[in-house]
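I've put the structures underneath this note.
You will see two complexes here that share chain A, one where it goes with chain B and one where it goes with chain C.
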Partner chain A sequence: MAEVAGTVPREAEQIGLRNQLRSRWKALPEQNRMGISIGVEIALAILLYFVDHSLAVAVLVISGIYWIRRMPAFPWRLGAEALMTILFLVFGPRSFGILLAIAFALFWVPDRYRRFTMPLAALVLAVLYPFYQTKMFTVPVFGVWPDIATGVYMLVFVMMAVGLNIVVGYAGLLDLGYVAFYATGAYTAAWFASLQFPHTTWHFGAVGITPDLPGIHVTIWILLLLAGVITAIFGILIGLPTLRLRGDYLAIVTLGFGEILPQIARNGDDLFGTGINLTNGPNGITPLDSMGFGHTLSHATGGFLPANFLQCCNAKVLGHQIESTDIFFWVAIGLLLVTVFCSMRLQFSRLGRAWIAIREDETAAAAMGIPLMRTKTWAYASGAFFGGVAGAYYAVFKSATFPGDFFFNISVFILCMVILGGMGNITGVIVGAAFLAYLNQEGLANTGSWINTNIHIGSHHPNIDVPLYASGIYGVIILVVMLFRPEGLIPSRRRAAELHEGVHDEPLYDSAHAGAEA
Partner chain B sequence: MSAVEANGSDDLLVASNLRKEFGGLVAVNNVTFTVPRGKVISLIGPNGAGKTTFFNMLTGVYKPTGGTITFLGEDVTGKPPHVVTGRGVGRTFQNIRLFQNMTALENVMVGMHARMKANLFNSIIRTPFVRREEKAARDRARELLDYTGLRRVSHEMAKNLPYGDQRRLEVARALATDPQLLLLDEPTAGMNPQESAEFTSFVSNLREERGLTVLMIEHDMRVVMGVSDRVSVLDYGEKIAEGSPREVQRNERVIEAYLGKAAVEDMKRQGLS
Partner chain C sequence: MAAEASAPTLGNRFSRPSPITAVGLVLVLALIALLVKELMVSPSQFGQTTLIGLTNGCVYALIALGYTLVYGILELINFAHGDVFMLACMFTITFGTHFFGLHQGQGITIVPIVFATLLLTMLVCGAINATIEFVAYRPLRNAPRLAPLITAIGVSFIIEDIGLAWKGPNYVTAPDVFPHTKVFSWKGVDYGWNHMIVVLITIPVLLALVWLVQTTRQGKAMRAVAQDMDAAAIMGINVNRTISFTFLIAGALAGAAGTLYSLWATTVRFDQGFQLGLISFTAAVFGGIGNLPGAVLGAILIGLIQAWNEGLPWHMPGSDWTETIVFSILILILIFRPEGLLGERTPEGG
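Presenting the complex of A and B:
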């Protein structure tokens, strides 16, 4: 028996260096572990103090919060939290002290209410962001807080990521051409709210233009919906031939569509040599009409809702001069809320269940009475809808659309957001998308300038243009996520299980019959 | 229904001259097969006889190379699986194909897909109709889990269920499609004798309490002999025998298919001596 015991295979936890180290670490007494951790953290802080003082403070604050969260609630945790908050409120930066107070307060809310209070707090903080953005402390490495225009960019990409999440996260269809929907939405907005078609003059509720301006001008509110619907129809058209493919094949075909569309945009100024100018070619379509609530609504609300976003705002609220970008920011939050709401409702519906079933096992799903093509097409159409709305909104915000905005890397970028945050989980996707969009717009540049000022070898200062390496950096981020946490930062429980154990989905079909529909 | 009555037959499902070729291999060779209403029919045969291929054609997973399938008097040949399921054919799989990362309850609710009507738009608004339908579906799923003895695990992920429960969940999910004909593909594979015996009485109950017609592929002869009204035997894609369990048991070609020619001769010799 002793011999048998000797040959028993090692437990899974013992295999691999990482797991061995982990189990050895866990074998240490609690006190030793705590001592070592705190020691390492202080050493790290001292080390970083010579690079950047604020980074050392950041390390201490983060580890401090980590230990505070493990203290018994009364009186230690409460006391420590109060002390930390007061320290920052007194010695500054005060904005960080306030943020800390809010965060600590939120964690005192009992668990069962937290799923309401957390999103609500996030929403309130987001809505108020224009009022306190300029007053915020400087974050170590990342620098100042993103400005409002970046906020709009982030919200638009979060919206697209939530849309793509329906296709990739729920239904499990790998779509590498999501940029096609973004482009469709943007160009739809451009066609119906600019001078692109000068031979027709048709106005419908548009603001900020003279009544005799040529071209089609539809109010942006209807246009957003229209862009969504047109993009959804476009999604269905793309989906019908492609969705009968599985996995890798689908990915390749969507990749193709993602490449075709920008080319059409680029060469659409002389469509098939007929002289029809659809997209204005590489020059893009600009300017687009402004957005606004119109004079009637504006008067009715006593000017609270601006008639035209671009000519609004002489009001000062809470000491903050409201600008048109702020209005765009708030409307973007509203659009995102609608997107998230729809996405959540769909997740827990008959259709959402069918999507997950298809992702898990197509053959079994079909045998349970789920029409594969139709159900997948609905996923595609809903994903496309939100991509289209987001694209249209961003085009209106920029007042322009160029074919250069719709390259393949945008598709990958949005997919990265979904993967980083956690496929299938809306909170995860929102966080992942917001972070990557921020990096792309401001974060990388800020990080670059931090590196260039603070890191030096002797008197030699480097001069690295970090945003130049954006694609490489995102690639590394995704590699690291896929290696160590394939389910993303905030995963859905289901997806995490699938990614670690694989799904049971070997095809059972005749290839000729795979997509046949009655 | 009226079509059936007009035909004057009581056959739920009629497959005539059904044929399936994979390249040069004939997996099912012109099999004609009927399933009378309210009966339990077993399909047996050695490994590779084409039983599962036959099943897959009946449920629309494979398109037959030739022949026709009529269900409730309507031609369903080559219709996709969801249409066949919608008409009232539920099935289980030989190698369990549950939705692993969905709970037992969700698995059963997916089975109700074809019987529900909520669409994209009213699901987003969550109209009173959708609410009612969801609640009804949930209640019915619970009832089915009760019926199959899975109530206590209704919120477990399917993959965490023990083997026997997974088998039963597959049946519950198939029942959720509200079938008239239930196809069971080796339902007792991997079960011990006691579990098989329980399953045998479960199938009899299905017929008696729910009025279901059952067609099953089965290897366990005790189960086959216990519940079948009729047994059909496939070998090399052809139907070689059909009849009551007793008849089939004594059929020479069946014994030959299972045990080889030598065995038949052996038995004959024994019979003579």
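Presenting the complex of A and C:
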């Protein structure tokens, strides 16, 4: 005991079981640590072999990649990587071998180019996804790769998470009612591209409908922008009276709006008994007009850009029959790219730096001449804008909006994406959001069926309906991340420092306690 | 605004109403006018719904006090509190029916059984609440303010799903043991014993809480920690233990609320806790968060508003809009009078 304690550096001796264990572990010689780790990994693989063979392989592959990355580059790392890739190309799932080869190749790119090559490779892989989705290997536990419709869902939620990240991650304002922006966007799209208002007939560039169809029909491209703008204005309207409140009060007010808006949507078929039908109530508004590039553009490009997504494509490219879902998928990637680009440009703009300053210390920021209200309102409006665009796009993709889509759970779900990935870090948020959206749509169901078939005590199989407990699982994710890694999986360095060292967190305008704390 | 809040003397505020206060007053007057109209349209129904609202308000008060106690001491909105209340409802049903054999038509023997269930539920929920604090909030005490708030939402979701896994996705029925005989019946206004019992149990619980906070040594420690955590620690108060104790008390109040609510309403579902919790939180903010009498006042007002909205015959929005109304009140209060009805008085008792 005494010798071990003596070798621990003084500052590493911290309170709490976790820190003590960690410092014990760090105090061991490197050789021992490596030996123990590899031993544990092999033992785990052997143990998991009895549950599911492919899971054992997965453990070995993941730990193998971990150790390969720590080898000297020549000849060991190159050789091991080549060996592993060839093994999979010959024996195992071929698609995994190819994926492995691409991943290894990417890590041979020198560090300074990696920040370009990595996102580029991710983008190319994403764009090509519809072509190789059906040919992919089965992932242990999670099963088959998500289909393209799930892909659209993931992209839409990534977009919303990037939008919420502006509010929560950059400006540090907790918004628990983000679903209100999602709903506003979706209903805006629904109002201007459906039969919802049959007494007005106005067409503007809409595709796939007869010219005399009643209702307002505006082309979706304009609608996406319009939905964003209307939602941003709505965000400003919510923000103006509430943004002077303290952080936790702001959270509760946004939560209030997030509860009120869906209720208005639910009861909106007969607002207060006046007979005004705004939202068609619980039946929702459906169908919505389709998207499309219009006939002019379609002819000009020789049919490369489809005039109407829903009646597109009988083309077969690279052995893959292109469907309308694929087109929606690619357009979603385009929208996401725009969102990410705006978000990144905002981050380092004057406004973005003002947000970070407010997040870190409101009083100091105000003293430096940053107009608090205006800056916060801009954060709200920008976050709302992307939420609105994403909501409108998803409504068009589903060709429907229902009030049941806009529960409080969704707000927390999007918040959970931001927290899991790492508040303030775009890469982290994208990864976290994509993963959670996948879990919500397909992953939990797949995991559930894996658990129910592979885990058994004797001959007794559990029968757990895993998707039923989705919100509880997100709760566990939130709790675990906040307790053990509050900066998220892929943190922004700045935010991590704030969360670990703490910040001076007393706001300037302290509505409930003004004077009391002075 | 800040100057006004620092010296909130009553006369001052009425002599120079700011535009915001004026708008608020107009809203309140309009509401009162509406209620007078309701009273004239149908007096008996008005009386009936008012009494139901009072019972509602008592349950809300017990939950709201939990929010206010925790907020007063940690400045944390404990989102999980409503779900602890839901667990309390579930515990009541389990304890009452499975342990003590509670069922309909037992006559006077229900009195000791209900009391035993009440005490056991309060104990268990207090312990659960203190455990939540220990596991989820204590490690984050020095983190930025939003960290424990986010954690609280996570805990709330976890508890909700525990309730779901335990009792299933459907409504769970509690035995309808409170007698439905009338306490009094006056001009068409009936007051049943089942409503009366809720009020009769709530009042002593509230008195016990006041006694605890005002006179006991532990209550004094709570007030000291609420006022200044560091100074309290310097004075030799065990801050961690005091905070645990506060969570214990808050949980016990949620337990009492759960027992009363489940035996009174007789149906409970796993997701009701969050909704009722939010309504109660609104009540706590309405009365002035951190202020014990304020929480009770706010809860009774919210209970009345809810009952009037759902029960009155004349041009009321109805139960479809209850949440909208409650949250609108929350938003209006936070905009017009963030310090709540009873102003800035923390558990020190003013």
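Here are a few things to note about the model shown:
The working rule: the second predicted complex is superposed on the first by the 492 of 518 C-alpha atoms of A that agree within 3 Å, B and C clash if a C-alpha of one lies under 4 Å from a C-alpha of the other, contacts with A are read in each partner's own complex, and residues count from 1 in each chain.
The working rule: a contact is a pair of C-beta atoms (placed from the backbone, for glycine too) under 8 Å apart; a residue touches a chain by one contact, two chains touch by 3 or more.
What you see is a predicted model; the values in this text were computed from it and never measured.
Touch criterion not met for A:32: it reaches neither chain B nor chain C. In the superposed model, A:134 lies in contact with neither chain B nor chain C.
By the touch criterion stated above, A:321 is placed in contact with neither chain B nor chain C.
By the touch criterion defined above, A:412 lies against chain C but remains apart from chain B after alignment on the C-alpha atoms of chain A. Once the two complexes are overlaid on the shared chain, A:23 sits clear of chain B and of chain C alike. Once the two complexes are overlaid on the shared chain, A:498 sits against chain B and chain C alike. In the superposed three-chain model, the partner touching more residues of chain A is C, compared with the other of chain B and chain C.
Once the two complexes are laid over each other on the shared chain, residue contacts for A:201 go to neither chain B nor chain C. Touch criterion not met for A:301: it reaches neither chain B nor chain C. Once both structures are placed on chain A, chain A residues 498, 503, 509, 512-513, 516, 518 are touched by chain B and, in the other complex, by chain C. Listed in rising order, the residues of chain C touching chain A in the complex are 1-3, 5-7, 75-77, 136, 139-140, 142-151, 153-158, 160-162, 164-165, 169, 274, 278, 281, 285, 289-290, 317, 320-321, 323-324, 327-328, 330-331, 334-335, 338-340, 344.
Within the complex formed with chain B, the chain A residues making contact are 341-342, 345-346, 349-354, 356-357, 360-361, 363-372, 378, 382, 494-495, 497-498, 501, 503-504, 508-510, 512-513, 516-518.
Against chain C, in their complex, chain A makes its touches with residues 16, 172, 174, 176, 241-242, 245, 247-249, 251-253, 255-257, 259-260, 263-264, 266-267, 272, 408, 412, 415, 419, 468-469, 471-479, 482-483, 486, 498-499, 502-503, 505, 509, 511-516, 518.
Residues 56, 59-63, 78-83, 85-86, 91, 93, 97-102, 106, 109-111, 113-116, 118-120, 123-126, 130, 133-134, 137, 157, 159, 173, 176-177 of chain B touch chain A in their complex.
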